[in-house]
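In the two complexes that follow, subunit A is the common piece, with subunit B as its partner first and subunit C second.
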Partner chain A sequence: MNDNKGNGMDHHHTHSSNPRELQMARSMCWHCQSEVSGEYFCDRCVKVQPVSKETDYFTCFGFPRRLTIDPSKLEAKFYELSRAFHPDFYQNKSETEQTISLGNSATLNSAYRTLRDPIQRAEYLLDLEAGAVKEIRNSPPADLFEEILELQDTLNEYRAADRTSEIGQQLRAKLQAEQLTLEQRKQDMETGLQQLFTDWDALQDRGDATSQSRTERDRLLKQMREILSNRTYVKSIVNDLVATIG
Partner chain B sequence: MSRIVGIDLGTTNSLVAYMKEGHPCVIPGRNERTMVPSVVAMTDNGLIVGDPAKEHLTRNPERTVYSVKRFMGKALEDVQGELAYFPYSLTEQGGVIRIKLGEKSYSPPQISAMILKELKQRAEEHLGESITKAVITVPAYFNDSQRQATKDAGMIAGLDVLRIINEPTAASLAYGLQEKTQGTIAVYDFGGGTFDISILKLKNGIFEVLATNGDTHLGGDDLDREIANLFLADILRQHGIDLSAYPDHMQTIRLEAERAKIQLSDELKTQVSVELPDNKGRFTRELTRDQLEALTMGIIERTLTPCRLALKDAGLTPDAIDEIVLVGGSTRMPLVRQRVQELFGKAPHCEINPDEVVALGAAVQADILSGGTTDMLLLDVTPLSLGIETMGGVMSSLIRRNTTIPASAKEMFTTYVDGQTGVDIHILQGERELANDNRSLAKFRLKVPPLPAGVPRIEVTFLIDANGILNVKASDMRTGQSQSIEVKPSYGLSDREVEQMIEDSFKFAVEDVSARKLIETRLEAGALITTTEKSLSEGRRLVAPEEVTAIQAALSALATAKDGNDPRAIRARMADLERSAQRLTVAMLNDSLTRGLQGKKVSDLT
Partner chain C sequence: MAYSDKVVDHFNNPRNMGSFKKDEEGVGTGMVGAPECGDVMKLQIKVQNDMIVDAKFKTFGCGSAIASSSLATEWLKGKTIEEAQKIKNTDIVQELNLPPVKIHCSVLAEDAIKAALADYQKKADGPATDAK
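And now, the complex of A and B:
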C-alpha cells in the first residue's frame, strides 16, 4: 500500500514545468472577446474563463505566496471555487464551457491537494521560486550517513535471520530503537521547517528588495530544500523499517 | 431541459426515481412494487425482465440471467472461481464476457440495458413523457472498465447517461437532503454483490468525499452461497443427492437460502423446506440466527478491512466519525449492524429504506444536474490509483487513489531510438507495485515524428472526469498540435461494438414488435380458418357450388399466407376469405333464425 499523506514527492507530475512569471494574465474572453480582468468570469458576458496554464496554485486561490495558510480559509475558498467551476453546474451550457469547467475543476483540485499539505505546499513553492523540484529527492542527511549505512546492514541481517531466534529478537529490538530515533529526527526536521516557513513569510511581508534580503531569500530556499530532501529520505527509511518489522 | 431520472442499477434489484417538488421519490411499477429484480429471462415468447423473469429462475435456469452486475467490465478469467455457481453459460470475446441466452450471446452491458429499458419504460408510463436522460449509480469501488460498461449499458438502452455516481455518495445526498447533516459521516454500503465504504465531510451543502474503499465482489450473494452450501452438504449427506446436477433445484436452494437469511433478520429461527428431484421427497431443516451468524461471520468480517483502510486514508480514527449511514439490503442483518457499531463505537442510521436510498440520491444528483437543486454539490474521489507501466514492469502512479475528481495529470514522453515513430503506453489502475498485479485499463500507441532519440516531446494528459472515467489526450510540445488517441480498452467494448449493440437493440425492438404482430395475426387467421371450415361443412347446401369453390380457394390462400412471415399478407387473405364467405355466413345465420323463429327472415326482424 502506498502512503499518500504528506509525501509530496509523489505529486510532482501535476506541477507545470517552470512557471516563473506568474501574474494572472490579462486576456481576452474566449466568447465575447472583451478583456477579462483577473477573475474567472468575463465581466461582460459572464462566461466562465479557463484558468491559465501560467496561473500558479497560490494565485488560483487568491492567496499570497506564503507558507503558513489557515486551513479553514483554504477550505472555504476551495468550496467557493468548486461551486463556481464544477461540471455539475455546466450540464446545460455549451460544450466549450463544459470543457473549461472540467479543466478548471481538475486544476482547482490539484491546487487544493497541494496547498492543503504543508510539506507539499513548501515543495511547490520551492519549485515556483527556484525551479526543479525533482532535485528534492532522497538525499541522506550528511550527519546520519554512517548511521544509515549501519542500519541498512542490520535490516539485511534481520531479513536473512530466523525472526524467532534470539539473534532475530535482538536485531528486531535494535531496529525498533532505530525507528524511534529516526522518527524523532524527522520530527526535528519538521520543527526546523516550520521555523523556516515563518522566516520566509516574514521576509515576504517586509517586501524589501535589498541585496541583503535577496541573500536571506536564497539562504531560506536552500535550507528548505536541504531539509525537505533529508526528510524525504528519512521518511522512506522509516517506511522501509515499518514494512520489515511490522 | 428535459427530465433526468436517477437509476440504481443493482446486483439484485434495480430502481428508478425522480425529483417531485423538491423531494426524491421512487417510481413504482404496475404491481406497486418499487424494486425491479435485476433478472432477465429468454422465453419462447421473447425476453422478459424483472418480476416475471424471476419466476423463470427455477423453471428455466439456463436461460435466466441474474447478478449480471458481477460481470460488468470483467473478463472470463476474473470470474473463473464462481462460474460453477451460475447456471447460464459464459464465454468471452475481445476481453468481454458474453452470456449465452438461447441462440444469441449478449455482453453484460446488453443484459443490463434490458433492465434499464424496463426502468425507462416504467418511468415513461408513470410520468407520461419520454425519458432519455439518466444518472446511474455504481459501486464506489468500481474501476474504469466497470464504469464504462455501465455507461455503455445506458447508451444501449437509449439513455444519455449524464453522470455515473457512486452508490454510497448518492445515499449521502439523500440523507443530507433530509437531515441537513453537518460533520463527518461514514456510509457503509453492503449490497447484493458489492461492498463500499465512503467517508465524507458535509459542510454547507458541500459533500466532500475524503476516502473510499471497498470490494466489488462481496455482497449478499456471497452470504446466500455460504448458506446454500450448507444445505447442499446436508442434502448430500442425508439423501445422497448431489444437487449440482440439477440447475433448477440449485436455484431453488439459492432462493431458499436468501429467504432464510432475510427471515433471520427478524426471527431467531426459520424452517427450511425444499423439494428434492426425482420424487425423493423433501429436504427440511431448521436454521437459527446463531447458525447463520457463525456461517457468515467471515464474510461480514471482510467488510471491516476496507473500513479501516478508508479511515486511514482519510487520516481519521473511528471516533472522528459523527454519523454512520447504512445502505443496501445486507445491512438489515443484525450481525452486520452489530459489527459496524463495534467498529465505529456508535449506533448507525437506517431511517431511509436501505433498498431505496441509493435511487433517491441518484434523483437528487439528477436534479442538481438539471439545475433544480443548486445548494448541494458532491465532490467525489477516484477509488483507485491510476498510472502507467514503466521500464521493468513497474507501475508509476499518476493520480493517487482518493484524489478529488475531476483530476488530471500530465506526463511527458520521448523516444529512446533515433527515428522511433511510436511509444507504447499501458494504462493501469490499482495499488500494487508491479504492473501485472494491477488492472490493465487500456493500451495505446503514441504517434511520434521520426526524429533523433530524445528530441520529440509529447505531453499526455490523463483526465479522470466527474464520472470517474478516464480520458486521454496527447499533444506534441514542439508543434503544439494535439493528436487524437484511439484507446483500446483491455476489458471493454469498443466504440464500434457499442454502436452495433445500440443498433441491434433498436432492431431487436422492432423485430420484437413485428414478431408479436405476426404471432397474433397467425392466431387470428387460424381461428378464422377453423370457423369458416365449420360453416362450410354445415352450410354447403345453402350456397351455390361456385361459391363453395371460391371459399375453398380463399381458405387455401389464407393457409399459405399464414405459413409466411408477412402479417399484412395474412390480413389481406383474411379479408378475402371473409368477403367470399360473406354470403355463406349470412345464409347460415338466416337458416338458424328460420329454424328458430319459424320462417321469419332477418330483414323482417329489423
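And now, the complex of A and C:
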C-alpha cells in the first residue's frame, strides 16, 4: 500500500449521501438561533455554520468511521466542501461569517490530509478510539529494536569507512541487503494492516454490541496499533539506510 | 531548528555509548521506543552493592534523543538505585534546554531509565523468589 494513494477496494461506506443529513455536534444557528439539524448552512437564514471542534474528520466529510475510503469520493467531497467554505466567497459577508469560513477551510484541509492517507487515517481512528487502546499496552518489540540498533552500528561503520576500500564495499553490500529485507517487511506489515482495515470495517458494518464483538474490536485495535508502531520503526531505519547508501 | 550547545556537544561527543551483555550479573537493560517518530533507545546500567557503577546507551533517533540518553547515562553513574529513580524528564529538558517539540525525547530517556531499573530489580529479585 502506498501512503499517498488510497485503494480501490472500497465497498463499505456507500451511504446515499445527502450533505444535509450530516451529524454535527451543534444545535443552534449562531445567527438566527433557529434549530440547525446538523448542516453546514442554516436552513432558515442560510448562514454558514462553524464545524464544531468536537466533530471528527470522518463526520466532517459525512463518512462513517471506516478504514477503507474510496479516494475519488473523498476528493469529490473535499472539492465540494472547499467551494462551500472558501474565504473568497465570504469577502462581502460579515466578520463572523469570514471567521467561520476560514476556520472551516482549515479544518477541512487537515481532515482531507489525514483521511486521504490510509496510514494516517488509521492512526487518526486509533486516536479517536484511544479509550480502548490505552488500556491495551503492547510490550515493546525488543528483537526489532536490537536489530535496528545493530544496523545503526553497521551504518556508522560504513560512514567512517573508506567507501572505495574492500571493507567499505562489503559493508555497503550488507546494508543494501538489509534495506531490501526491511522494505519487504514493511510491505508485509502494510498487507497485514490492509487485512485488519477490512476486518475492522466488516465489524463496524455488522454493528452488533455483543461482548464477543467488543473483544474482536479490542483485538483489531491492538493489532493495528502494534503494526503501525513497528512500521514506523522500520520506516525510520529504512529512511536512514536510503539516505546513507542512496 | 537550532539545537542548544549542550545537545550539540552530547551529539558530537556522546558519553558512554555502547552496551553490556544483557545476562551479565548486575546489568539492567531498558529498551524503549517512540512509536510516533520511530526513535529507539537502549539504556543499560551496571549495579554493584546498590550503586550504579557504569551505564551505557545506544540510541537510534534525532540529536535530542541521543543527547537525552547520553546525559542520562552520565547522571546515572555513581547514583544509588533509589537516587536514579528520582531522575525526571524535566531535569533533562532543563539541562539540555530542549524545545517543546523535543520534550518527548526526554520522556523516552526517563522511560529507558525506569525500564533499566525495573529490569535490574527483576533480575535481582528473580532467583530469590524462585528459591522460596
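Keep this in mind: the second predicted complex is superposed on the first by the 207 of 246 C-alpha atoms of A that agree within 3 Å, B and C clash if a C-alpha of one lies under 4 Å from a C-alpha of the other, contacts with A are read in each partner's own complex, and residues count from 1 in each chain.
In this section, contacts are C-beta pairs under 8 Å (C-beta built on N, C-alpha and C of every residue); 3 or more make two chains touch, one makes a residue touch a chain.
Computed from a predicted model, the values in this text were never measured in an experiment.
Of the two partners subunit B and subunit C, more residues of subunit A are touched by B. By the touch criterion defined above, A:L228 reaches subunit C but does not reach subunit B. Contact with subunit B, but none with subunit C, is seen for A:Y112 once the two complexes are overlaid on the shared chain. When both complexes are overlaid on chain A, the residue A:G168 reaches neither subunit B nor subunit C. In the superposition on chain A, A:I237 makes contact with subunit C only, while subunit B stays out of contact range.
In the superposed model, A:Q91 lies in contact with subunit B only, and not with subunit C. When the shared chain is aligned, no partner comes close enough to touch A:G192: not subunit B, not subunit C.
By the touch criterion defined above, A:I148 reaches subunit C but does not reach subunit B. Once the two complexes are laid over each other on the shared chain, residue contacts for A:S82 go to subunit B alone; subunit C is not touched. Of the two partner chains, subunit C is the only one that A:P140 touches; subunit B does not reach it.
Those residues of subunit A lying in contact with subunit C across their complex are 140-142, 145-146, 148-149, 152-153, 228-229, 232-233, 235-237, 240.
Partner subunit A is touched in their complex by these residues of subunit B: 1, 162-163, 203-204, 206, 208, 309, 313, 315, 365, 368-371, 374, 377-379, 385, 397-398, 400-411, 431, 463, 465-466. On the side of subunit A, the complex with subunit B involves touching residues 1-2, 4-5, 10-11, 13-14, 79, 82-83, 86-89, 91-92, 102-103, 105-107, 109-110, 112-113.
Against subunit A, in their complex, subunit C makes its touches with residues 31-33, 35-40, 42, 58, 60.
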